[in-house]
Amino acid sequence: MTEFNELSRQFQISDLKEQRADLHFFHASKEHAVAVLTSLKEKYGYTHLVFFTVVDHLEKNEFHLTYMLHNYEKHHDMGVVVKIARENVQMESIHHLWPAAATYQQEIREMYGVEFPGSPGLYENFALEGWEDIPPMRRDFDTKEYSDKTYYPRPGRESHDPREYMKENLYPGEAETW
Amino acid sequence: MLTSILTKALYTLISFFVILNYSLLLLGTMARVRAKVQGRIGQPVWQPYIDIIKNNARRSGVTHGIMFYLGPVFRLAGGLGTYFFIPVIFGSKIFANFSFSGDVLLVMYFIFFGQLGMALGAGESGHPYSPIGVARGLAQMTAFELPFSLAVIAVAAQYGSFSITEIVAAQQGGWQNWVAFTNPFAMAAGMLAFLGMSMNNPFSIVIAPQEIPIGPPTEMHSSFLGMLQTNRAIFNGAKMVLFMNLFFGGAAHPNIFIALGIMIMKTFLIYLYVVFVGVSFPRFRTEQSIRFFLGVPTLLGLIAVIQQMI
Amino acid sequence: MSDNMNDMDQIQLFNDQGRLLNAGLPDEEKALFCDAAPQVDAPYRGIWEKFLNWARSESLWILGFGTGCGAIELRPLMTSRYDMYQYGVQPRPTPRQAGLFIIGGYASVKTMKRIVRSYEQMQGPKFVLGLGSCTVNGGMYWDSYNTINRLDHYIPVDVYIAGCMPRPEALLAGINELKKLIKEGKGENANKYAENFEWYKRNQKKIIKDWNMPDYNW
Amino acid sequence: MTQLLYILAFVVMAIGLWGILSRRHLIRMIIGFSILDTGIHILLVAIGYRKGGTAPILDEALSKGEALMNAVDPVPSALVLTAIVIGLAVTALMLSFAVRMVQNNPTMNADEHKELKW
Amino acid sequence: MVTPIVIIAAALAMAFLLPVLEKAGKGLIKTLSLLVLAGFFAASLSWVAQILQTGAIISQTAGFKAPVSINLSVSMMEATGLAVIYLVALLSGAFQIFVKKAVWQGKELSLYFALILGLSGLVMTRDLFNLFVFMEITSISLYGLLVSGRDERRFEGGFKYMIAGGLSSAFYLIGVAFLYRETGQLNLDIIVAQSGQANLYLPLLLLTIGILIELKPFPANGWALDVYESADPGTGAVISAMNTTALILVFMKLMPLLQAFGSGIVYAALIIAGLTFFLANLAGIRQTSGRRMLGYSSLAQTGLILFVLLSPSAGLSEERGLSIIASMLRLDTIEVIALALLINHALAKSALFWLTEFLKKDALHKSSEEGDYRGNRGWLIPAGMAVLALTALPPFPGFWAKWAVITSFGAAGNIGGIAVILIGSLLEVYYLFRWFIRTQAHGEDGGDVIAPQVPEDFAPEAAPAPAGLTIKPAWQIFAPALSIIILTSLGLAWAFLSLSGGQELLLLPLAALALYALFDLIALPFAVKNILAMAGLGGYAYLIYGELNNMTLIFGAVFIAGSLVQLFLLFNKRDKRSGLLPFLVMMILSLGNLLVFKSSLGFFFSWEMMTVSSFFLVIRGRQASRASLRYIMFSLAGAFMIMYALADGFRGPLTGLVFAIGLLIKMGAIGFHIWLPGAYAEAEDEVSTFLSSVLSKAGLFILFITAGIYGQTFFPGAGNAFLASIDINAILGWIGVITALAGAMMALFQEDIKYTLAYSSMGQIGYMILAFSIQSHLGWVTALYLAVTHLLFKGLLFMAIAGVIMRTGTRLMYQMGGLIKKMPISFISVLLAIIALSGVPPLTGFGGKWLLYSSLMEKGWYLHAGLAMFSSGVAFLYLFRLIHTIFLGQPKTGMFENIKEAPIWGLIPQAIFMMVIMGFSMFPSLLIKPLQAAVEMVYPAAAEGVAWQGSTVLSSLGYWNGSAVMYVTMGVFLIPLAWLMIVNGRIQKVKQFNIVFAAERPYKPETTHYAYNFFSHYQKALGFLVEVRAERFWTMIRKSTDALGGLVRRIYSGNAQTYAFHIIIFVILFHLLAGGTF
């Protein structure tokens, strides 16, 4: 992976992983991530920001910010993963590279609470209006508990494992044949 | 004096009763006809009655101001007035209405009365769709007004009179005397204009439900809407009677019931034509319908008028 | 629902004169909205009201709220296969003119705000039809952080149609059920809403946090 | 002789006019102007001249009657005197104006003094 | 009684003594100078008195009689001319002495007296060589005067002047020499007496050329422009007023000689004079420098005077005032005309030159560059009056003189002369008025751009106006003011003489102007002034009532009663608004005078007064410079056409057509309409209503009273029936209906409410023209009906809108909205007005439509009827837009929150008009019967089957019962209303944002109010109809005229040699024109 090799001379990047022939991931440090992305865009032709998302690794107590870029000439995708700690999480904005990133950042701020200082419209409502609790997509947010507390669950509702339920009620006696 | 006034009032009531019921039933029937074309069963023919009753039975309502309140009244007054200035049955005292007040010019301009009132009411509602609908409607109106007025001018020139009664009188004595046959270009122009006047497809841009939810009456509801629906029926009836009088010999028979039957048959056919066109063609945009009316229909009207000039 | 209708949180909706406080609106916008509270409109009595109820039941004008998947089941009703027009039912594009509010499936909090607004803009008597399990108890979204579980805690519902999704036939059955209710004089949920206005408002305000509208949308 | 004077006058006038029209130098234009004046003066004198006439001094040698016949007409001469004086004044003024013009715009070329036009 | 020689001596003495006396004290010489100048003026006046008794004064010098010595002769022409020169000399001297103290010392005064000496000598002497001497004295002293000034370019100008002056004196001197050679004489009178002598062509040619060059003929006049531009304004005034006057008198002195010996020369001079007049005006329109522009104007005026003097038929006029003056002064009519033009030019032009002294900047490029001069009435009033005088508008002597000339030409059939004078004058009007308008334009006046105005209540403290003028102290303006006062009184005297034969009434507008200006001056409160204006109008109405017949009574009601009611509106505001009422009352009285004039001069006088007064009303608008220039240009073009037709005496259909076009221009018919919207819209809000509802009917009225001339067919003998039917009426009919359609269409796409209404007026006028041209009983009744009802509803609209604009501070409709709740009464009046205007029954507008179509159908104009119906539909569109975007929809929060109803004084006249509309609607016979009576005189009703049956009016085609329609409408309105009120359940009154907004809520009224570009779809479909064609056409005309002017002035290259060359060319040209050969 020439790009990785060249970039690694300048920046703190590591863990190159080939998912497919046309899809690679590597990790970048929080400090160098934007520089790496800039190089990828300006120098190596990864001009398209396919998506930008966050994975909450609660166990490791870190977020994995994943920038997925695409190179139209090589038909190659490059995922840049940035690990950041979950406390007071903040990341540099990349809206100056891709204006569309502002929307991703707005959504991530709302759903995960990751701050992107300077990103336009960061605090405007995205999908939620007036959310007051901790960001709902964080894994330490208990959505069932929240729903029970907030949305008046109808009493008498039963939940079943579909597999077990179907075995017992719909096809009694045939279970062994499965 | 008092007797004559009371008699006139009674006649007016009868005339009103007849046109209201006939028009409502006609609307219901035509909805059924449309449903048949689309392969449905369609609503009951009396559905318009139920709708009007229901709307008037609404328990609450809002008003945006005095003109909003008066808008439907203006509209209904326009429809009623238009109807009352047209003689329905030729030679009948009961159905002569108030046609002694003025001629076809009065009728043509009284049509504006209701439109203006409605436009004002819709305007005061403050909803942007209302004036959009009004602007479209008025723009389209000026366009079909041109062929229509040319047709009327041609007919008036043909018989040397603006009086509807005289125009009908001149057409008596058989179908070959109808304007439709003596002055076919005028009839053609007038009937094409009638398509726009009845606001059916393809000229239904005013209410365009998918785009500007039903246009001017967006904010109208409850008894306001009931009144508008009543007007829709009466106004339609009035326009059809006008066209029947102008182009198809009116309705005349010594027996008033047979005469009414003739009227019903002719207006039914006139409306059926509108509905057939409506179900066959998609909707025009405003500027398209303006171009349409200023094209072939105006040309036909011009031919009719020039025929009278030379 | 009666179990907790009297269980009020401390949200003040009215002042001493019984006018709405419109606490959610900024001051400069208060003059732009009507601040009157909804009122109960008593029905007439006897045969006259029965006649009117018949007319109401035979002329149901739908306001379809199609943000859930149930909306897709509304469309076939208009086609020649189901032809709802023959039952006196027809769609209507504006809440002012519609009498029947069909909630087409799950309602997120964001959607709920619009549902409340549209419902209040309809003129009474008005009826609500909850379409699909999501409106009954949240359906498959029952534990979502953003989707309501019970529609009848926010607006009064006349008829629920269970299923995920119910077919158009079920919808027609529900409409027929509603007609029966109306004819029996049981379609008075608009009044119920006005009577229990504070309870409904409390529930609504509990989930709708940015309340940038008057408490009652005329 | 008279014809010759006339021709001389016109030649001188033409030279003056030519000078005004063709020279770009301000001073030369003024000189042209002077020459034109001179031509006119010659013409005036020529008009009054009578071949073989005497001086128009009325005395014993020249009676009133003879004067009308023989004397040179004195009026043009008087006119010439006036004209010369006036011409002198104008020329002087022109020169002074030219000086001021050159002070404002240091060039003697008349083409360059075109601030006022149209 | 002083003999002329004393003047010469005194001037000479002063010239020599002043430098000496200066040592004794500056005060002394100034006082002495003024005294002597005043003495000169008095002497000249005393000569006039003496000449009236004894005839011409002849004074000998040196004790001998001519020809041995030089004799001075002063006849009436010379005496009056000298009076003018001395008057200007006095004023100019006083101006220079008092205003420009620093510059004018003994030296300058000495030169000044030398100049006066020269000029006096020029006028008085009868000796040709002496003339040369005085010419040179004049020139040399002028050269000397040129030195005093500020502009560094004055030496360059002076140098060119000297070249030209030298050449001219050379030619003159050679001419004198040859003349002497041929005749042996230098005395003018004796040479004339020796008629039939030898061929004097060449000497006279040279002589004339010498004089003419001094009179600045085309093309040998570039030097004069440079002098005017660079010279001190005072000197400019001297050259333009005194020098020119004297030289014209000299030329008049030579005229007998020319007429006796060289008719070719007269002809050549005539052509050159005409060319000079025309081309100087043409070149003048490109000027930005004010003084140079005045220079062009001077050239043109000189050319005009010469042209008039030399035209054989210019003195044929038998105008009353002219003949009285001529017999009084014992002068020929032509001399009186020339004298009037001379006085007019000398006084007005010198006033203007002095006034430019106060302008900070001479060159006016764009109106937006300029400071605000309008605050300075001391400058503005004399400047405006001088411009009026120069453009020959009443009541100045120029107007009467030009009228006399034009009518003389007309009587003699000299169409070419009329064309030259009128077209040239129009060009002069253009640049003079443009200059005047620019000097007083608002700084913010951007021309095309309509910027929203800040409402008065919110307006910040006005920024200090850029000081464009420095008149401090105010008395400094005395010289121009005095000269204008003298000029005005002379003009008034003539006006009085002209109109004294039973038409004194026509002078009332001027009296009113003076009276109400006086009220302004003594700073009466506006309310008092307005009450006085009402009283004045009432008194005037009483005065003329007896002279009105059925027809004029109707227009009298429109003009006077309509205005009287609308005057209430002016109580609206408290500020003093000086200058408004004088012109307003003057305009209304002039309109009234149109009803009672008795001669074509009386008519034209009133017409021009109306134009002038309305121009000053338009120009009062804040951004009206462009509009007012267009207004005055089109109005005067129309007036000139009318003048031509009047002079020509309506011989043949073409003259009738020209007259009709003149009226159509004034009515804003299609093609000439581009002045109309701007003038109506940019005038002040309170004034617009007068202009649109009252003034617009003037043209219609004149159409009515001149109806007889429009029936003449163009191809009387044509075999083709269609060709044979073409007459002016047929053309008028088409113009009318197209105007109606175009007006409505253009009104549709305006965002500015006043423009909407202005275009609407244009459309309505179109209907009136159409109805008039039907030329039948019903048609005329229609036209009158439309005129009266248009007054009512357009007055109503403009008054209501004035209130709205006053409250909201904007004219853009989309910025308003929802005002019904704030201004309900204004809403009602607009509602009534638009129902009436659109012709919807049951209101009175329908009557107009019904009458119109009935009469059109009777006439057989079916296509007109169809188009009229279409345009009435279009009118419905813009009317709905108007009422919707202003009164309905979403009210704007913020600025318009605390708006109140319009002031009560605006509502009173509206209420009156509303009541009148309702009355006419209920009982149409109240209106139609008087109209029928008025039309009866020309078209009896009986012949055409218009009859009354109870309250039903019957035409041959249809019938209409206004009362019945009203009752039925009330019935069908009230019964449903009652029904609705019974059936309605509980109705909650809601606020503006309680609308269904696709389940959302609106956030801003601005974006919720659908108002901007309201009929965009209409524009998509039919916008091609309203492309700016007329505007483009007239711009093309303007630009090509400009380009032509630019081309002409290119010859003035600024090079002294080129100018000399021009002189040579001029000589050759003149020689060729005079019929000479080489």
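The letters A, B, C, D and E name the chains in turn, as written, and every chain counts its residues from 1.
Keep this in mind: a residue touches a chain if its C-beta (ideal position, glycine included) is under 8 Å from a C-beta of that chain, and two chains touch if they have at least 3 such contacts.
From a predicted model like this one, the values you see are computed outputs, not experimental measurements.
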Contact distance in steps, from chain A to chain C: 1
Chains touching both chain A and chain E: C
Minimum number of chain-to-chain contact steps, chain A to chain D: 3
Closest chain to the centre of mass proxy, which here is the mean CA position: E
Label of the chain whose CA centroid is most distant from the centroid of chain B: D
Distance-maximising chain from chain E - centres being C-alpha averages: A
Chain centre separation (chain B, chain D; CA means) in Å: 99
Between chain D and chain C, distance of the C-alpha-averaged centres to the nearest whole Å: 114
Distance from chain E to chain C - Cα centre to Cα centre, in angstrom: 72
Distance between the centres, which are taken as Cα means, of chain B and chain A, whole angstrom: 62
Where chain D touches two or more other chains at once, by residue number: none
Sites on chain E at which at least two other chains make contact: 985-986, 988-990, 992-994, 996
All pairs of touching chains, each written as two labels joined by a dash: A-C, B-C, B-E, C-E, D-E
Contacting residues of chain E [partner chain B, same complex]: 818, 820-821, 831, 834-835, 838-841, 846, 849-850, 853-854, 857, 860, 862-863, 865-866, 869-870, 873-874, 876-877, 880-881, 883-884, 888-890, 952, 956-961, 964-965, 968-969, 972-973, 976-977, 979-980, 983-990, 992-998, 1008-1011, 1014-1015, 1017-1018, 1020-1022
Of all residues in chain B, those that touch chain C in their complex: 31, 35, 38-44, 47, 50-51, 53-55, 57-62, 209-210, 213-214, 217-222, 225
Of all residues in chain E, those that touch chain C in their complex: 893, 985-986, 988-994, 996, 999-1001
Chain D partner contacts - residues on chain E that touch it in the complex: 129, 132-133, 136, 139-140, 143-144, 152-153, 155-160, 162-163, 165-167, 169-170, 173-174, 176-178, 180-181, 186, 222, 225-226, 229-230, 286, 1049-1050, 1052-1057, 1060-1061, 1064
Residue numbers on chain C that touch chain B, as the complex places them: 34, 39, 41, 43, 52, 55-56, 58-59, 80, 83, 85-86, 88, 90, 93-94, 96-97, 99, 123-125, 190, 218
